Every structure is written in C-alpha cells, then in structure tokens.
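Read through the structure below, which is laid out as structure tokens, and then see the notes.
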Amino acid sequence: MSTPAILVTLAVIVLAALLALLMIPVLVWLERRVCGLIQDRLGPNRTNVFGFRLGGVVQSFADVLKLVFKEEYYPGHISRGRWLFIIAPMITFASALLAFMVIPFADDVVVYGEKLRIQALPIDYGILWYLAIGSVGIMGMILGGWLSHNKYSLLGALRGASQLVSYELALGLGVVSMILTYGTIDFNAMVHWQSDMVLGFLPAWGALVQPLAAVIVIVALFVETNRAPFSVAEGESEIVAGYFTEYSAMKFAMYFMGEYIAMNTASAVIITMFFGGYQLPWISTETLREHFGAIAWVLIVVLPVAVALFIRWMKRNNTVRPTVATDGGRNFETKILSRVLIAMTVVIELILLILSFLPADSVGTSFAVTLLQIAVFVAKLMVFNIFFIVVRWTLPRFRYDQVQTLGWRYLLPLSLLNIFVTAIIVVGVAS
Amino acid sequence: MNRPKIKTVPRYNKETKERLYLPAIFAGLKITAKHLFTNLSDINAVETLEYPEEQPTDITPRYRGLHRLTKREDGSVRCVACFMCATNCPAQCIHIVATERNDGIDEKMPAVFTIDTLECVFCGYCVEACPCDAIRMDTGIFSVTGKRREDFLLDRDRLLSHHNAFGEDTSDA
Amino acid sequence: MLETLFALLSFFLLAGSVTILLARDPALYTTGFLAVMLAVAGLFGLLDQSFLFLAQVMVGVGAVVVLTTIVILTINLKEKELPKEPTRGPWLVLGALVIAPFGWMLYRGLVAATPDHFPVLKEGFGTVQAMGSVLFRDWVLPFEILSLLLLAAMLGAIIIGKKEQSYDLES
Amino acid sequence: MTLSPENFFALGVLMLCLGALGVVARRNLFVLYLSIEVMLNGVNLILATFARVRPDMGGSVIALLMIGVIAAEAALFLAMIVQLYRRRRSVDSDAYDRLAQRNWS
C-alpha cells in the first residue's frame, strides 16, 4: 500500500472510532435534552467549562468522568467467578463497537490506483457481519445477568435473551428480502443500488421499494437495541434495572455505552439499508464527481444562510428568562460561538471556492465528494438517532407477552410473506 | 365444570386501523414532535423554574416545611416532652430527653429535642399528634442542605430559632 | 501477524476445551464453550473460509451457545445439585492414556495424507458467492436433506421438551 | 513460522481428544453435551482445513452443513436434558442407569 492509502485507511478508522465513541456522550445529552423538551422541561443545561456549556453537552462529559473515577464495587455474594462478571459487559461493548465497523461512510475512493473502502473494517460481509456480531452481544447480557446471582438480573437476562432470539428470526428474514432485492450483502453495493430511481422521480431507497421489510426490520432493530418500547429486559417498574442491577462504575458504563453504540449502529444500518446511506437523494456519486463545481456553488450559497439562521436561533435561545438575575455567561458564549462559526464558514467557503475550479477527475474533487458524503451520512445518522430517542419518549412499554406475540405472530409471518412476494417479483423481472 | 372466576374484560377498537398500531404510533409521534419543535423554537417559553436564581413563589401556609418548636409568651419552650410526636413518628426520627422545669411551672420540658432530617419523611404526623401545639411545620423552608451529616440533625435551639414564614406568629397567644 | 492471531486463537480454543473438561461451575464451562465456538470461527477466518466464519459466528454462537446458556441458566443448578464425580481424576488419567495414542495416530495420518503447505488460492475462495454457487449446483440434495433434518430436530425437540399433561384441560 | 495444515490438524485432533476425554471422564450431562460439541467442532475444523488444502469448495460446503447438524444436535440434546432434569431433578448421568445391567459390579 502506498503512504496516502495508509493515511486514508487510518483516517477512516479514526473517524469510525470517533463516530462510535464520541457519539455516546452526545447521544446521552440528546436523550436527556430531547426528553426534557418533549415533556416541556429544559433538561441539563448548567454544567460548563469556562462558561461554555454548549447547550449542556458538557454535562455528559462530566458524567463520563464521574463513571470512570467511581469506586469499583462488587456485591458480596459475587466471590467466585468475578473475572467473568467483569468480562460480561466487555463482550457487549466490544461486539457493539465491532458491529459498527462495517458501515460505509462514503463511496470508495481511488488513491493512486488503489480502491479504498471508506469503512473501518474493509470487508464486504456487510449485513451478515452485523447480524453475526449482534448475536454475540447477547452473550454479554446473559452472562452479566446470570453471574450477578440475583433474581431480578436473571429475569432481565432471560427476558432479554428470549426477546432477542425471537426477533432475530424476523430481523433475519426481513433482511433476506432486502438481500434478494439488492442482490448483494455488501452495504456499499446496497447504497449503490439505492442511487437509482423508481417510477422516474422517487429515489430508489429501500424504504420506498420495500416498505413492509422496512417496517419489519426497523421494529426488529428497536428490539435488538433493547430500547423502549421493547425495553422489557430492564423494565424499571418490574425488575429494578434488569441484567445490570448489580453493576456499578465503569462496568455499568460499559453496558450503558454498549447500548448507545448499538443504537447508533442500528440507525446506521437503517439508513444504509433503507434510506440511501451516504447518498444525497437523486444525486449518485458519479453525478457528484462530474458536477462538483455546480454543487460547490450551491453549497457556497446555502451554507452562509444556514449558519446565519443557526446564529439567529442561538441568539434568541441561548439565553435565560429576563426575570433571572444572571445569565451565567450565556451571552458571552453566544458571541464567541457565533464568531467561531462565522470564521469556520469563511474558511469552508474559501476551500469550496478553490475546489469548484478543480477539474472533475482530480484527487481533490474526489476527496471533497467523500467529505460531503460523510457529512450527509452523519446528518442522516443524527436524524435517525433523534428518531430513536423520540420514539422512546413517546410510546409506552410493551408487556412481555405482547412483545413475543408481535414477534412470532405478526412480524415472522409477514416477513415470510414478504420474502415470497419479493422472490416472485425478482425472478419475474430477471426472466 | 368448575371454572375459576375469571372476569373477561371486553376489548374495544378491534377494527384493522386500531390493530395495525402504526397510525396510532405516528399520531403519538406527531404530538411529541410538536412539543419538541415548539419548545426548541422558543426555549424561554418552557414553564420551568430556573431554580437557584428563581425561587418558588407558590409556598402556602399549609406547605410542610422544616419543623420549628413554638414558644410561650414568656419565651420558654412550649413543649412538655410528652413523647406524642416521637411515638407517632413513622420514620422514628425524633429524639427527646425530658427534664424537670425549675422555674415554678409544674411541667416537664425537653432537655434534648433532636429531629434527624435525613430520616424525616415530612409527613406532618408530629404536628397533628402534639397536644399543646408545640411543634409546627410552617417555616416555609423547603431546602435542607448541609456539608456533613451532623448538619442535618436539628437540635432544640435550632428548632426554636425558626420562625413562622407566613404572617404573624400566632403561637405565642 | 497471522501466526500471532493463530497462537491467540489456539490458546483460547485449548483453554476453553480444558475448561469444559475440568470445570464444575456451570458459568465456567459455559464461558469455555463460548470461547471454543468463537475461536473455531476465528480459525475458519484464518483458513480463508469467510462464509464459514460468518456461519459459525451466527449459528454457532448466536444460536447454539445462546440456547445452551439459556437452558443452563433456566435449570440453574445449585452447588449441591451438581453431580459428585469421585472417579473423575482416575478416569481422566486412564482416558488420556487410552485416547492419546489414537489421537497421535490420527494426527500422523492426517499429516501424511496432505501436503505440508497451503496452496495459493483462486480469487473468491470461501466467499458467499462461491459458496452459494457450489452449494446450489453440486450439493443441493444434502442441503435439502439438512433442512429436513432441521425440521425433524425441531419437531423432536418440541415433542421431547413438552411437559407431560397430568391434567385434562377440559375438565 | 508460517501457518501450515499441520497446525490446524493438531488443533482439530486435540479438540477431538479433549472432547472424547470429557465424554469418558465426566458425569455432568451438560459437560457431556459440551464435550460432544467440542468434538464436532474439531471435526469441522479438520474438514475446513482439508477444503483449504485441496482447495475445493465442496469441503467448505460439508463444513457448512456440519454447522447445521451441530445446531440440530444442540436443539435435540438440550430438549432431552431438560426433560431428564424434569423427571429426576438431576443432571448426573449415573441417575439414568435403568437400562444398564450392572452384573459386573
């Protein structure tokens, strides 16, 4: 491999790690703020570093610090097999992290004649890898719940395991119909397939081509991530905290972070399989590369407007009510942040201006296209993460038997039916 | 046939639209999203108390705040150390040691009267149990803070130093 | 790189196998089983059998190990319910003495029957596509028989695992 | 050292031997089951190595079918263990010796 290729690979790995790990505090913050705003509250917004509170994100970093430095506590009855007790959350965390590593963030780039995948693990197993590694993650949950020697933990682990095992069927069969449609298991090839159009004007996104499979897979992924409305494994009202009742400090944080990474991965899988991945709608990678000059000009026009709107919103909302005596430096923060934003915008505008005059097949253009696609991917990822959060704070929890009924009696037959119909259509179109 | 008595609750809304769940889920999502975006567009309209800066204004005379011991007209403690409050306390957080009065009144008085606010559940049963109106919870103090555990033990002098926060102190009469 | 990976995987494999062989604690041998299955999957990966790797992780770990663990933790043996195994030590020694020569013979036979290096592979060995085309061209009958076997196993498991009905539902 | 088939064969044979030893020496039904699983996986490893040595995808397919067989075996064996445990409340294999003729002991 040439040096630039190695650099690109390293950059992609770092990006994947950042998207997975740095997303956790952001997601925790989003969860708390969005939940608060939905319930007409504010959520955490006080913690600050030198007056910078960034809407409260600093709170999650403080929480991470707290969890890292907390005392390691073991319940007295866990004397034998303590190392297994410690390993269990690591299994969950590692498998959640590994599952994220096959998501493509952008289309392949060609660096000095070498085709590089923009995904942390350059393998083409795609969705099969996700399913396989996702099933390893269950083991961490079961072991953790079992080794706690606690009735609540055991019940939580049992519930979670049986729930995940039964929804893996629906998930697998729903994915099979998508594999039939796309003719591949590789995520990148799936995204390529989705850059076409259906009916002449709609983007051929999986959700529009296969709406039933989309619903089935999204519901099954909600179960896979163990989130509300399917969070029976940790139902606070019945079984304390489920399988991580006895866990504290960093061991608890491992489960917690694993859960949020799993949610992040689930959103990434959903957008990659059903919502066009890193593609902008109607614009495929080739179109982007050919007409990057025009698109750069569109960005040059749109970006300042968006930034100006954001700054206006921040000026109005990064304040406290006039009845409050002090604003705790919020005005100062707003001022600094808007200046930083304006400076960044200017720099990006200049870069875009230079890029717009580059020829269409230059290295700079292809890198700019890659960066643009990564930005689109991250934007879609955030939208779906917020969707996950909003769903959690909207729907009440299903009862356990309702969860099983939904999985076995509705989703499983529906996904089988979907496979039959898809197979008939695919074979019919092919012949 | 010996069936157990099971009451069957009839299920309503059996039509397909209800059983599909999805329309109802989207209706629910619409409501929460509406709240989210309205609050995002104007955060200061959210009805939240910015607590340390803004203090609550809706504390009424019936609010059960921190306890206080009332006094007689002559300034001596009204409590006769009858142990009614300590007996009635569900959290068992009142600790009394009785002693003789030596100022001519034939009654007892508390030498020690301690309330452990870390255990107190603020139920107000002590106030209701008191036969001579000696303990009250009308101070309006809602925030009990301290840096050490001992700060939360309210002793007799501290309880006597609290005042009625609402209007004139009628306990002296 | 590959050698280190191989050493690591074989360590996990042997540690897991020995744990299963010796452990009394249910949690220990379950974890040993998990280690064995994952290590075998990793060895499949080292042999360039990428689809076997995925199938082993998905079926071996995702189904077999999870099912085994669920059953073990449902039964949830107490310490006193574990079988006393007074003859375990002698039997282990005796069994090892008997089995070791056979194992050695098997190993020598296997090594003698094969070349001592891996041949260079064609493009696409062990991938999903190659596997699928071979499976559905040359091995359709075994595949279908396997699906019948799985169906039979499922029915058998349901019938075996069913509780005997000691009471009549109607009365 | 480069990887050669011998390494994999050695591992597979070792797994086979350890599994057989477990079947011989242990009396816990779960350990018996897990030992059998270990043996099956050892055989599967040897099969996959053969497929890689030949190189012939047919061997990989047999190994894939083996994985299916292992799954079927697991389902049956676990169902049997659960049923046996329900009858006698024991996972000791010596509790189920009604068919054995112990004349020699």
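Just so it is clear, A, B, C and D label the chains in written order, and each chain counts residues from 1 on its own.
Note that contacts are C-beta pairs under 8 Å (C-beta built on N, C-alpha and C of every residue); 3 or more make two chains touch, one makes a residue touch a chain.
Computed from a predicted structure; not experimentally measured.
Relative to the whole-protein C-alpha centroid, the nearest chain centroid is that of A. Ranked by separation of Cα centres from chain D, the top chain is B. Chain B and chain C have CA centres that are 61 Å apart.
Taking the mean of the C-alpha atoms as each chain's centre, chain B and chain D sit 65 Å apart. If each chain is reduced to the centroid of its CA atoms, chain A and chain C end up 33 Å from each other. Distance from the chain C centre to the chain D centre is 7 Å, each centre being the mean of its Cα atoms.
For chain A, the set of residues touching two or more other chains is empty. Shared contact sites, meaning residues of chain D that touch two or more other chains, are absent. Judged by the touch criterion defined above, the protein chains link up one after another in an open path, with no loop closing it.
Contact annotation for chain pairs lists A-B, A-C, C-D, with touch applied as defined. The part of chain C that touches chain D in the complex is made up of residues 2-3, 6, 10, 13-14, 17-18, 20-21, 23-24, 26, 29, 32-33, 36-37, 40, 43-44, 46-49, 51-52, 55-56, 59-60, 63-64, 67-68, 71-72, 74-75, 77, 81-85, 88, 91-92, 94-96, 98-100, 102-103, 106-107, 110-111, 114-119, 121-122, 125-126, 130-131, 134-135, 138-139, 142-143, 146, 149-150, 152-154, 156-158, 160-161, 163.
Those residues of chain A that touch chain C in the shared complex are 80-81, 84, 87, 123, 125, 128-129, 131-136, 138-139, 142-143, 146-147, 154, 157-158, 161-162, 165, 168, 185.
Those residues of chain A whose C-beta lies close enough to touch chain B in the complex are 34, 37-42, 215, 313, 316-317, 319-321, 323-326, 390-391, 393-395. Chain C contributes residues 25, 27-28, 30-31, 34, 38, 50, 54, 57-58, 61-63, 65-67, 69-70, 73-74, 76, 128 to its touches with chain A in the complex.
Of all residues in chain D, those touching chain C in their complex are 1-22, 24-28, 30-31, 33-35, 37-38, 41, 44-46, 48-53, 55, 57-58, 60-65, 67-76, 78-83, 85-86, 89-95.
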